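Scroll down for the structure; my scribbles are underneath it.
Each chain carries a letter (A, B, C and D) given by its place in the written order, and its residues are counted from 1.
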Amino acid sequence: MIYFEDNLRVRYYETDKMGIVHHSNYIRFFECARLSFMEKMGFGIEKFEEAGIVLPIVEIKCNYKYPTTVGEKLRVTVEIQELPKARFKLHQNIYNEKGVLCASGYVVSAFMNTKTNRVQSCPEEFYKILEEEFKKG
Amino acid sequence: MIYFEDNLRVRYYETDKMGIVHHSNYIRFFECARLSFMEKMGFGIEKFEEAGIVLPIVEIKCNYKYPTTVGEKLRVTVEIQELPKARFKLHQNIYNEKGVLCASGYVVSAFMNTKTNRVQSCPEEFYKILEEEFKKG
Amino acid sequence: MIYFEDNLRVRYYETDKMGIVHHSNYIRFFECARLSFMEKMGFGIEKFEEAGIVLPIVEIKCNYKYPTTVGEKLRVTVEIQELPKARFKLHQNIYNEKGVLCASGYVVSAFMNTKTNRVQSCPEEFYKILEEEFKKG
Amino acid sequence: MIYFEDNLRVRYYETDKMGIVHHSNYIRFFECARLSFMEKMGFGIEKFEEAGIVLPIVEIKCNYKYPTTVGEKLRVTVEIQELPKARFKLHQNIYNEKGVLCASGYVVSAFMNTKTNRVQSCPEEFYKILEEEFKKG
């Protein structure tokens, strides 16, 4: 298993009329942590772009458990339970400062070659990095 | 079953660097259609607010099947397969102009009383409207 | 002068904790009307892209006069007072259903050639269309 | 003069089809820095809310000078050149990591009493804090 966490702070415009963060924004918070994770692995979004690969999302699920609002410091986690093949699944949670689980879900992305416009398997270099990390975890 | 559909057009800022609509925006498109649906039922968001009830989202799932981009006219559907009790589940699809299914998912919301800050069951008046609609469908 | 108007409806996620539309969204509403305007002129965003031209924003100003909230139908206007040269200035207003002026501002964009990555003057074909329209107005 | 700066990182969803940050997001970045500034002054958004005051935006201006994209670390500055009366004006700049000025503008907000729904002058306590800070600067 690979585990990573990132931190972010809720912005004013992310709240809605209910006074809490709009549910669509948790999907965005998930993404923020994913990109930080990939960068930490030494294979950030720029490297993917250089390799001519983008990671379109194919599936997303989120359970909303506890509301958050402007100013709160959130901890967004990334957990990889199996190495990616054609699809890359990441389990993600969001906790508030008191450690309360606010949202829990997963995101599945594909690897798409921007030259051929077709999906492909996980780039070998990225796979090896994750494999190495898995051994540590 | 209750079926409803709404139309919207993809805006420029809804696209991202990949040139396509950012996945978080489909979650927002789903919401647009839900609000139109509730208004069509004669029980829009203002009526819920007057009744002191908000509908926080408790679960969301979306499968992304085909990309969309700026200017496209999308058809967003709402399908209710069972009458709401404590939770209100809506199945939602997004189609492009050619009829291609672009996204498919569901959204579950609760009914929360803003005075007590507690969840409650579906307001009776709204339930009856849906029940009536169910008979037609 | 060229005058155009577009309509849109405030979405739930566009509101914030104050219960009203977040100020940044008016900037987005302005853009929606601009794109509709250009399309109406027969020179929409796709035509600009085909011509290898994008329209980055160089200046924006907005005065907020009256709040709006979810469900409101807004009328967003575009007014062109002079033909574009290197820069393209559009005056824009937003009115609510009662005709109250809610926001008023302007947007200036440049024309940037995506091959050279340099700004250029207004594409001739688009200029002629506007010139023709000016005569009518 | 009072000077403050905040840092943030461009998120993926903040980019658009042009590959750069959508212009409306700079308006949001400005807000992030303003809220950090007010918190640093010991009078954050929660304190305003406790005092029954919100700060609706009445005017905004922004000049876009240089594009930014996902992953970039931005420095967002806040500069107060005169103490607020009925209106509170903040000058704001955004710089990229190389120190290039990417956006420059100002934001004017009012102080609105949420009980009376009327604008009022700057709350005395907040004014005194700013006055004190001015002397230092």
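Please note the rule applied: contacts are C-beta pairs under 8 Å (C-beta built on N, C-alpha and C of every residue); 3 or more make two chains touch, one makes a residue touch a chain.
What you see is a predicted model, and the numbers here were worked out from it, not measured in a lab.
Greatest centre-to-centre distance from subunit B is found for D, with centres as Cα means. The mean-CA centres of subunit A and subunit B are about 24 angstrom from one another, to the nearest whole unit. Averaged C-alpha coordinates put the centre of subunit A at 34 Å from the centre of subunit C. Averaged C-alpha coordinates put the centre of subunit A at 28 Å from the centre of subunit D. For subunit B, the set of residues that touch two or more other chains comprises 12-13, 24, 28, 31, 70. Shown here, the protein chains touch in all possible pairs. Looking at the complex, you find that subunit D touches subunit A at residues 11-13, 28, 31-32, 35, 39, 44-46, 70-71. Taken together, the subunit D residues at the contact with subunit C in this complex read 18, 20, 23-25, 27-28, 31, 54, 56-64, 67. Within the complex, the subunit A residues that touch subunit C are 12-13, 15-17, 19, 22, 24, 69-70.
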